[in-house]
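What follows are several structures.
Two complexes follow with chain A in common, the first pairing it with chain B and the second with chain C.
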Partner chain A sequence: MKQVKKISFWLLVLLLLILICLPGIWIFISAFRPNPEILSKPANWIPDRWTIYQFTQMFSINGYVSVPAFKYLMNSVIISSVSTVIAITIGMMGGYAFARFNFKGKNKIFLSLMLARAVPGISLSLPLFILFAKIGIINTSFGVILVYVAMNVPFTIWLTDGFFRQIPKEMSEVARTDGCTRLQAFWNVELPLAGPGIGAAAIFAFLLSWNEYALASIITRTVHSKTLPIGMMDYLDEFTINWAGMCAIAVVMIVPALILTFIVQKHLVSGLTFGGVKG
Partner chain B sequence: MAEVKLKNITKKYGDVVAVQNMNLTIPHNEFLVLVGPSGCGKSTTLRMIAGLEEITGGEIFIGDQIVNEKDPKDRNVSMVFQNYALYPHMTVEENLGFSLKIAKVETKEIEKRVTDAVQILGLQDLKKRKPSQLSGGQRQRVAMGRAIVRRPDAFLFDEPLSNLDAKLRTQMRTEIKKLHQKLQTTIVYVTHDQVEAMTLADRIIIMKDGYIEQIGSPIEVFSKPTNVFVATFIGSPPMNIIDADIIKIENKFYFKIDNELMMPCLESKYDLIKDKKKIIIGIRSEDIVPQISPNYGSEFWNFNKKIDLSEPLGTETQLFFKLGAKEIISRMYNPRAVNVGEKLSFEINLNKVHLFDSISQKAL
Partner chain C sequence: MNKKFFSSPIILILPSILAISFVIIIPLIFSFYTSFTSYKLTRPDSLFDFVGLRNYERLIDNAKFWYAFGRTILFLAIVLNLELLFGLGIALLINKITWGQRTLRTIMMFPMMFSPILVGFQWKYIFNDNIGLLNNFLYLFGYESAIPWLIDKYLAMGSIMVAEIWANTSIFAILLLAGLLGIPRDPIEAARVDGCNSWQVFKNITLPFLMPFVFIALTIRSLDVGRAYDIVHIMTGGGPAMRTELIWTMIARIGYKDANMGYANAMSYVSIILSIAFTYYFFTKLVAARRDLGQQQ
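So, the complex of A and B:
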């Protein structure tokens, strides 16, 4: 009886897992087969012919370029990492300040930062477009980075604030009586202790930037600054949609994010629950 | 190796006064204990000496330098915290050597000093462990070791034993005392436990509501409390405090405790009380002696009372009874069973009675 219960439980888990993963699996399969086969009815789950045609096209091994995916990938990597580094640096300092210092209007500032997160990004697209066009940073990586930093800073502040709060304030006090300056105490004691949490916050910020579509679609205009999610739209023609190409570029997007998540999975979970108790 | 001096030190949090106009000189090599109930300003005082709390008014000297504006790191004092505050990501060894590493001391010298500290505190086998792998007592030792390696001018202890269980606390108390004798430096020690204060201190400061109530050696504050607060705070069980009226009968003064009991006043104290109507009497429980064969003489006073409760503790039995409206505790040192309701004869040596003013509560 117990055995049956166990087996049926795992069967249910498997079923749910398949359901959740199905779109992802479909994308992976479709990236490696010809376009017509994707549209066949009934659906063809196991491709008759596997091909890496879309990838060779994207990364122009045969000299013909369908979509400049390599350039998009580079844009994505640069924009995401630079904006993450900046956002986590500012967020770390801000989070530390909120956790450790008392200053006038502290709660109000914190609240307004959180409210900034609540504004739907798309509602900012028009003002941003006009503003960026006027000051001439439309269609530049710099512009996108600026937007992503603004988007991620409140988030990283909120997360790191929680992590620093978890560390007893005596840690820094004892370090300071041990001969550290405030900065040394932060660097030698509090930062290493908050490390996993800050790492988790950084990964979140990175993934947010990596996946962002709405604002990038407004600010980026050409291959010069387009990121992968925007580049995907290159497969959308007036009368046809190259589904296989789209799936292929989606794979290019998913794989790094997936690898990153696997690497930091442990930290992510511990980091999130760690910060979660903050109350 | 220096004297610590507090001059008119005041600390305010907004309108709330934590420490009021404190003056204090701690000579080199003294073990000074700050004791008082929660919120009396003792920890705040310690933290101001350490530099972790800003000073609202007054001056703090370490050696002959004013340190008001100095960072904690430049004051050369070491602090031991209640929750140990060991660096969790470092081993015992690294914890001990951390301050020296920051001060850029040579590796060889660091090793030597860490080894010394490890030996003093008996941590030889734990050098490579992380704090999470240590017991409470061991963590406490590491925390002290971390203070020792710096060779500071003064050690500051902030309730270092309150996180330990009773048995370990007694043991560590002895170790701290021994450590002080070995290291010969100034120690300022904060506690709310009067037993710790009595056993450790060269000098005790009793604080309340930001004020110093009394400064003195343990024996001094115990035998000559300057007011009712100190009298009841130091000593366990606390001193018995009784309100009484002063009555004059045939040129003799008596303290009328309740309707039936009149305690005579020693003639030597007539001058102190002759203008007063009311008084507060303080008697330590060991000075209320159950007596079978009473002593005779003008300094002895005997009375009979029914026992409400008796608590045998082994070496002594505590007897509870009522005097006036107050519950009184007496200590009996010859162990024998006492029944509730039994009437006993008690004797008080009037020389051991403390008298306090009924309004100012100060000792007369």
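So, the complex of A and C:
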């Protein structure tokens, strides 16, 4: 009886693993298969022939052949990194203020910031599209960065607020009686201690920018500013899809995200729960 | 100067407020105004054609809109509840594992990192009636007729829900697992000594302790409900015959395909209020649950 229970338990875990991993693995395998093999009927489960054809098409040195994936990748990297750095800087300042000061309307301001973040991208995209076109920053990386900074700030404030609260106030006070200014105390004492949490917040901000579609699909128009999620749609025609190509660009998109997550996964959870439970 | 600068909370928060005002508040005020005009992208001068509440009246009369609205609410209700349930199940399951728990937890985070657009594409690929993984798999067991997962009016909605649940269950699982790991052992052992069975322990000790974590997960999740747009957009585009049209895909269709911005903005406002209501509700619940646990600082 105990044996049966144990076996069924591990079977359940196995099923869970399959459900979580299989879709991604299938995309990964398909990215290295030629299109005819993907379309074959009945299905060909194990690839007969591995190919990097789709990748060479995207990243060929003599200019792209299919989709300018390298350009999209560069846009994604630049937009996501710059917007993350700015969002973390100003979000951290906000988080510090919420964690360390008491001021009038504190909770209300905090809540309104969070609610601003809840506005769905597609609803925001209509007015942004018109306004950005009017002031001439549509289809520029600058415009996209601006949008992502604003979208990432509220969540960064939430997370960093939680982390700064974890640090005893006394530590900064001791530093200040020893002659530090508040800024020095922050820089030398509180920032290093909150470091892992800020790292986790940065990853969240980066991933949101890296993965965002609804807004970018409206305010980016050409290869100048299109990011990878938008570029992915290049493989989608009205009636046909280049499955292998789409899988290949999906791999390009997901690998950096997975690596980043792997690096900070430990702090990711504590960041979310600190901010939430103890806030 | 420096000292004073860094001591004023308002100045510290100001950059955040400015960024949000410029990108979110001002555009929303502008779109609130356009929702009272007959603004069409093709006719710029219509921006000043004030029509009063006509867009909202049209909205109220539009049966298709209310179908989409109802479908969105139903969609969110089903999806959020199932995610919570599965997340709790997975968290309890992994909590029992002693060997390899960390690895499993990391693997569980994978779906969180997938762009919604990628999730949509991935499931579009799996559910494809012709070359999809699922139909090919069923073929092995003798179901030779291809099931039109994304073309049938009922199956399409279910397929989208599967994709949505796959993508977002992990946030519940991970946060609830963090909650489970933090539960003190003593009350559980005391209850067992007093003769409680597993269900009673779960209901009276584990669950109340988990509630704040449930609400954190729901609050975080409610910030992003609108991202379901990406998944629907790529999987079915609202089809077949608008059977999977959610409020967000409807906004995109009316705003960009029909270029009817004023009307679409009126619709946007309904969706914004919906999202904000969700977030506000869960956030206040979170605050209340926190107070119950006495963890308020």
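Here, the second predicted complex is superposed on the first by the 252 of 279 C-alpha atoms of A that agree within 3 Å, B and C clash if a C-alpha of one lies under 4 Å from a C-alpha of the other, contacts with A are read in each partner's own complex, and residues count from 1 in each chain.
Everything that follows uses one rule, which is that a contact is a pair of C-beta atoms (placed from the backbone, for glycine too) under 8 Å apart; a residue touches a chain by one contact, two chains touch by 3 or more.
Since this is a predicted model, take the numbers as computed values, not measurements.
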{"item": "Joint occupancy of chain A by chain B and chain C, clash or fit", "value": "fit"}
{"item": "First (chain B), second (chain C), both or neither touched by A:T181", "value": "both"}
{"item": "Chain B versus chain C as contact partner of A:P168, first or second or both or neither", "value": "first"}
{"item": "Superposed model, chain A: greater residue contact from chain B or chain C", "value": "C"}
{"item": "Arrangement angle, chain B at one end, chain C at the other, chain A at the vertex (C-alpha, nearest 10°)", "value": "90"}
{"item": "First, second, both or neither for A:I52, with chain B first and chain C second", "value": "neither"}
{"item": "Touching partner for A:P192 - first (chain B), second (chain C), both, neither", "value": "first"}
{"item": "Which superposed partner A:I263 touches (first chain B, second chain C, both, neither)", "value": "neither"}
{"item": "Partner chain in contact with A:L11 - chain B first, chain C second, else both or neither", "value": "neither"}
{"item": "CA minimum distance (chain B, chain C), superposed complexes, angstrom", "value": "9"}
{"item": "Intersection of the chain A residues that touch chain B with those that touch chain C", "value": "181"}
{"item": "Chain C partner contacts - residues on chain A that touch it in the complex", "value": "9, 12-13, 16-17, 19-24, 26-27, 30, 38-39, 41-43, 90-91, 93-94, 96-98, 100-101, 103, 109, 111, 113-128, 130-131, 146-147, 149-151, 153-155, 157, 165, 181-183, 186, 207, 210-214, 218, 229, 232-233, 236, 243, 246-247, 250, 253-254, 257-258, 261-262, 265, 268-270, 272-273, 276-279"}
{"item": "In the complex with chain A, residue positions of chain B that touch it", "value": "50-52, 71-73, 75, 77-79, 81, 83, 85, 87-89, 98-99, 102-103, 146, 150, 156"}
{"item": "Interface residues, chain C side, partner chain A - complex", "value": "2-3, 6-7, 9-10, 12-13, 15-17, 19-20, 22-28, 30-31, 34, 41, 90, 93-94, 96-97, 104-118, 121-123, 125-126, 130-131, 133, 136, 139, 166, 170, 174-175, 177-179, 182, 212-213, 215-216, 219-220, 222-223, 225-227, 229-230, 233-234, 248, 251-252, 255-256, 261, 264-265, 268-269, 271-272, 275-276, 278-280, 283, 286, 290, 295, 297"}
{"item": "Complex contact set, residues of chain A against chain B", "value": "168, 170-171, 173-181, 184, 188-189, 192-193"}
